[in-house]
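Paired with chain B in one complex and with chain C in the other, chain A is shared by the two complexes that follow.
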Partner chain A sequence: MALSITPGEKYGFFTDTSICIGCKACEVACKEWNGLQSDNTVFLADSFDNTGALDAQHWRHVKFIEQVADAPTSVGNGQAWLMMSDVCKHCEHASCMQVCPTGAIIRTEFDSVFIQQDVCNGCRNCISACPYSVIGFSSASGTAHKCTLCYDRLQNNMMPACAQACPTQSIQFGKVDDLRAVAAKRLDAVQAGGAKNAQLYGADDSVYGGLNAFFLLMDKPEAYALPNASNSVLPGRNNLFGYLAALVTAALAVIAGLVALRRRTEPRPAPAAPVTPDEPAEAPDSAERPPAEEPAPARGESRRRRRSS
Partner chain B sequence: MTNHWRDLKNTDLILINGANPAEAHPVGFQWFMRAKLDRGAKIIHADPRFTRTSAVADTYLRIRTGTDVAYFGGLINYVLENNLFHDEYVRNYTNAAWIVKDGYSFKDGLFSGYDANTRTYKVDTWSYEQQSSEGGPNEPNPGLVQGPTQPGSGFAATDYTLQHPRSVFQLLKQHYSRYTPDMVERITGIPKADFLKVAQQVGEMGKLDKVMSIVYAVGLTHHTTGGQLIRSAAILQLLLGNMGRPGGGMNAERGHANIQGNTDNAISWEILPGYLKIPAPGQKTIKDYVDQSASKASHPNSWNFFGRNYSNFMVSLLKTWYGAAATKDNEFAFDYIPKPAGNASWITIYDQALKGKMEGLFLSGMTASSIGPDSNQVMDALGKLKWMVVMDPLPTTSSEFWRRPGADPKSIQTEVFLLPTTHWIEKDGSFVNSGRWVQWKEQVIQPQGNARHDHWITADLLDRVKKLYQSGGGKFPDPILKLTLDYKDPLKPTLDELLQEMNGKDLSTGKRLASFANLKDDGTTTSGDWIYTGVYPDPSAPTVAGRSDANLSKRRDGVQDVAKNDPTGMGFFPNWSWSWPLNRRVMYNRASADLQGKPWDPKRPGIQWNGSAWTGDVPDYPPTMNPSDPAAWLPFIMNGEGTGRLFSSSMVDGPFPEHYEPMESPIANPLHPSQSASPVAFLYDKAAGRPNRFGTAKDYPYVATSYRLTEHEHYVTQHVPHLVGLQPQPFVEIPYELGKKLGIKSGDRVRVSSMRGRLEVLALVTKRLGPSIIDGKKIYQVGIPIHWGFVGIAADNDPSKGKNWLANALTPFVGDANARTPEFKAFLVKVEKL
Partner chain C sequence: MPLPLLAEHFARPPDWGVWILLYFFFAGLAGGAYVIATLVRLRGGDGPVARTGYLLAFPCVLLCPIFLTVDLGQPLRFWHMMVNTSPGGLGLNFNTATPMSLGVWALLVFGFFTFVSFLAELGLLPFLRAGVALGTLFALVGSIFGLFIAGYTGVLLSVSNQPVWSDSPVLGGLFLASGMSGAAAAIWLLGGRRGPVAAGDFEGLEVAAAYFAVLELLLLLVFFITVAIAGSLGTALRLPWTLLWLLALIGMVLPLAGLGRRGVAVDRGGAAVLTGNATLVSVVVLVGVLALRAAVIGSAQ
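For the complex of A and B:
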């Protein structure tokens, strides 16, 4: 049963959402292995999701999207209540890597995208650049964080903690080429079973040059607040608009920082006051993300962004 | 489970009722998905809510909670009416041919023998007609080779043509003829057309090359009709010939780790270890006890193994407990053990406390205040005790009940002790899973602080009580003073020693036994739980076969070498842990093969006769009994009939399951409005003269059901930050349409109240719940997750400190007519926006 993981090969995840049961074992296993914190006290009133988004303390996030027919009988088969364990995609064209000014973000010997904590200067460019809002900032370390594809486990021939914990093998880890073959077969089976909207996402180069962590989705990417092949524009350094946006970001960040400083001196609201889902995101966070660079995630936008730790 | 988790991969169709395995058993759920992915099995989930299980099911049916008897009844009727049952199996492997006594009847919702004053049945008409010397209906079975009829033997009259009007088969047909698709729709809310689609799929499963598994959990047991809900499903499985077969069976998913082990070892008051009945008043000898407790053979070919061995198992148990003090001359100390005259089940405990009849209470491994039912009444009961000891690793709502929000500690006189115990990661021992596998586990960390093992606290208590008897004397000291404590340190028994004790030994050789077949009633053997005999045999036993450790629950020969460790390819993995009884992986597996011993489905054999022995799984049958022998036993060796019981006199509420409405219901029972709810469920408040605590649909118009979420385990994970983060605050699930009607949006605070109490939490409005048309009336069902209370991280984060967060404040103080398991799953509420 021993797993052999070979440097120089391309590794990743195939997340098959058709068999995800939303148990969140991936979230917990990830936190346990990577020593991440859980400080959430707020009910998001968004199906069974109380994680809200990926950030510095959440490197796996199960999205719950309810499309269940209000009818006395219906078909499940992964098509009605969509559950998707989201994660860093380890993009072929990784915009975070492109905008990183210090070279902290590298591609490892397993072809994963990795933030070197000792090189990161906390500029947060990558946070703005990531089209999937994967990266978060930790005020404790002063650096950016995201999924490492369990780099330390791979170096020791262990699969990433989330894949290990997944009870239904919705999250499969392996060589990307092997996973793509598995995924193609699985897609055929799911479509033959009547899931007409089922599609692979990121298994080819149509989004960001291909994703090492790719998905079988049961609906179009927009249903999961994911950019699709036509609007997945790379906000990289070669993108003039990206430059301008970064400048705006910087300016806004300064203002927001001042606002935040001032707010810190103001009395805080009672901790128990329930946060409504349409509460605006916290100022520094939203300010540093120029709207132009957002992949228009209709769902994600209205969500409360978790405070960085 | 009659089968086991991995066996689900062998099935063609899975019916899930009263269960939510994707959330409650996510790890076991991998085998549901394997069945689906690898062999195209279908999953049909009937549930009041569209859950994470429904999300991956092929068909979801919105069923009104507590109406599964009608659902299964409709399926049974469909199978009978359309002749889709497995004829050979039904004729030979069930009691379809048995003839019921004249006098049995069912009319207007009542079986024969009902006494309205005591709300009980006299069950003498619920039995078989005896074989008589005057001939009569004693048709021999042409298919089954069997012994001659024996008038006066106590054997039942049979008619293998199944035509006798009082044959079980004809009575069954008659009983279920009322459960038409229209009636199913009126009661359950499942539209007739959708029900018929499911019935068609289920009807296919009576074919030899098809097999279906039924999976259930506390969504079936937590009803006043709980026992009969399960029996309904079992009858369906017997008719389809699916009991005993790989991929088939009745599969109960057991709750938190080791509830199966608890049940096996008599957690419940009416049984002794190994499901021996608790003795009853008036029984003075072992013979009295066995005569009144053990089943009797009702067919010449019935082995009646359990009934036949009852005294062997009981005497071996008494020898385990009382050692040398249990002798033939003193009936093996039978008079030392209690013969309770009254009920002592869960609700009864609090009923007695409410009546002021209890002085103290020990709670170990659970929290009464949260568990309920009717938590407010339970906490009133706790407040009437003089003292209460809570043995737990962490504070619970019971240890803190006297200072709960809104309570005045000065008015509660109960002295509460919290004894810190070890958590399961701080000790070794075993967990028994739903598939009956006893699996040893290691201690992960040393006990923290002053925590002690629960069983060490109990041993210390016993020692102190013994000393009190020794110094002060007492009316009847022997039952305490003569208890054996045959451990190296009687104050600190190890769990390894306890497992050896459960296994039992031959006192003449001192060697541990390998099988309960060796247990005797002459005082030469011991067994603390006969069904565990063989888990820890003598090192010389063939089952140990050169292993360094005779504790077979430690075996781990699994997928590291599939060819070697799963020789049949059926997923039995016989050398992975040990499953009771006798390491058998599928119970009743004789019924997986036909009369000649050939598997019904050669592709999925359980056991088969090879001409000289049974091979495959550990046979539930004598290993070398030739099936063609005229004296060969019938397949279900444990009961008196030797066959699966379509008709049974062992339930207090009827020989056939019947749909009764929950105690709180929005409608009168469409089958018999005059007898709407269970006629025999025990009504505690009424019997005790307390005010009525049942509400009606006029004041409480919505049906509610309570349940767990995958993110939490009961109440204990309120102390675990990672899990609290995933579901941080209490909420209720409101149907989208009802939310619109009441102006409630997701995230709003709402009050949900029943006649007994209230819950003030957040709302999650969803289309996963919706209206059902029940008997022409639109009914909404509301969902109540149970995990919160006034203890834990979430409560600490809230200024109200978890006031009105106990879900069981809503649930009714009433239980199943047989087991008295509370009706947590069906009650009436109203909902208001706060």
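For the complex of A and C:
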């Protein structure tokens, strides 16, 4: 039966890391469908990872996290190899959208977060804001890039390429509410199987108001380099205090300036006799001499000032 | 409830480099120079300090959009900052959540004020000349934008999820104070180069520069405290940025140690002149202003 994708509904991913086998089919499918450049593959000496991170050319990235116990333990306990197919979270409260000055980042009719390539001017403000290090800058296009949730496929009733390619169904695509129900059941099953650290990440609104692409993790978020609930802060949090600090500084600077520049109106004694400065100035220009009512410092005063320093 | 300043960072650096550094530097100088000039005029001064301030602000502002545009990935789309080009998008972009959007508009408005004041200083707009009420009012309004331009660049960095930048809310204040210091030094260098000067004018500037330096030092202290609380002090102070922080510090301390006491001397004819020592201090202050911004921008990325 053909998939029916309805505009106005919330769509996203449920990525179940407990069944990810690290095959990277998602990475390849994403690259193929979206026409992303291939890599100059290098040996990263980081487990099975050879693409490094999400960026302008990698909209899916499989993380390999090796957790090896410090001391020997019994078989099956103490060693873990976490794998996670990472992607843009299509955050409900999206940091990237908050700071984009051109309005290039929009929320689509499927509730995904999308960068309009013909609007983006490559200022890179979104890159400094995305807390998941998702967005990359392409020097080829001069713009910012990230996962589009396969916007073009969605418009044609096709599921995103990564979800379609995933052989273990670690990546599931669907309506976010449906996926949340599936995820809750799966979490119960995984925990019942003994994985006590397993938890859902982004399925509720504790992280950036909820993530349309959320995860079942086998450890705490920090183990996967993901901000936890108390760290999920938006860049705009610093607007108020940032401007307030600048305002207070501005007020103090203006007062300081007004007080300091008042000095010039204080009467000073007229010059008693000429004196040579330590460092000779250029030839005097009589047209620019101080007016009579503003006499220059007296000889003695000037000498005192230099000696005391 | 989480502490607003405590954040673990996983954000990628935006690779803002030399163009943004130059923009921040000249924006600080432009805003500072305009405000100092206005303050001098408010106190009744009509000497080279105010004149130099107004003449300096406009060329500095003129450089700003050039640096900003060159830094863009798509320079020819610089106008997308102001005009919403999304299909069905309405009119102008004005995103109050990001200082980048507000800053572009403020730069445009401030550019207008600096241009008009520049013309007035050249004697082309007599109705705005010094001492005329309309001119004072015009400069006062322009100074509000000047203060904004000098400081918002710091707020722009804070409004991110980058380490160091987003760990302190005082970057805007710090950049503003440093912009005022830098502008005082630049006015000193440019306004005092041509022999005799109005001594009172420049003595006032010496003292103002010292006050601005005190403000900078206080804000730098608060900056380091807030960054330390967030756990990013190590990132901020790592090499080679330590050296730039030191340069910035020297640029803040020198006006307190030297500029305020050595700036003005008297020549054979009894006219006030600026000493070479003060000139040197001014150069160091300007280098410090640049180093501060380079340290902030670079250490976080």
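In this section, the second predicted complex is superposed on the first by the 224 of 309 C-alpha atoms of A that agree within 3 Å, B and C clash if a C-alpha of one lies under 4 Å from a C-alpha of the other, contacts with A are read in each partner's own complex, and residues count from 1 in each chain.
As a working rule, a residue touches a chain if its C-beta (ideal position, glycine included) is under 8 Å from a C-beta of that chain, and two chains touch if they have at least 3 such contacts.
Just so it is clear, the model here is predicted, and its values are computed rather than measured.
Touched residues of chain A, counted separately for chain B and chain C, are more numerous for C.
By the touch criterion defined above, A:31 reaches chain B but does not reach chain C.
Using the contact criterion defined above for the overlaid structures, shared-chain residue A:145 touches neither chain B nor chain C, since it reaches no partner. By the document's definition of touching, of the two partners only chain C reaches A:252; chain B does not.
In the superposed model, A:42 makes contact with chain B only, not with chain C.
Judged by the touch definition given at the top, the superposed model places A:124 against chain C, while chain B stays out of reach. In the superposition on chain A, contact of A:153 is made with neither chain B nor chain C. Of the two partner chains, neither chain B nor chain C is touched by A:63. Using the contact criterion defined above for the overlaid structures, shared-chain residue A:80 touches chain B, although it does not reach chain C. Shared interface residues of chain A (contacting chain B in one complex, chain C in the other): 271, 274, 276-277.
Residue ranges on chain A touching chain C, taken from their complex, read 53, 55, 95, 98-104, 106, 116, 118-125, 127-133, 135-139, 141-144, 222, 225-231, 233, 235-239, 241-246, 248-250, 252-254, 256-266, 268, 271, 273-286, 288-291, 294, 296-299, 302, 305-306, 308-309.
By the touch criterion stated above, chain C contacts chain A in their complex at residues 2, 4, 6-16, 35-36, 39-40, 42-45, 47-48, 71-75, 77-78, 80-81, 84-86, 89, 93, 95, 97-101, 104, 147-148, 151-152, 154-155, 158-162, 165-166, 169-174, 176-177, 180, 193-201, 203-205, 207-208, 210-212, 215, 219, 258, 261-262, 264-277. Those residues of chain B that touch chain A in the shared complex are 22-23, 26-27, 29-30, 33, 36-37, 43, 45, 50, 52-62, 189-191, 194, 559-560, 709-711, 721-729, 731, 735-737, 746-747, 749, 762-764, 766-768, 770, 772-773, 793-794, 797-800. Residues 1, 18-19, 21-25, 27-28, 31-32, 37-43, 45-48, 50-51, 66, 68-78, 80-81, 83, 167-169, 189, 270-272, 274, 276-277 of chain A are the ones that touch chain B when the two sit in their complex.
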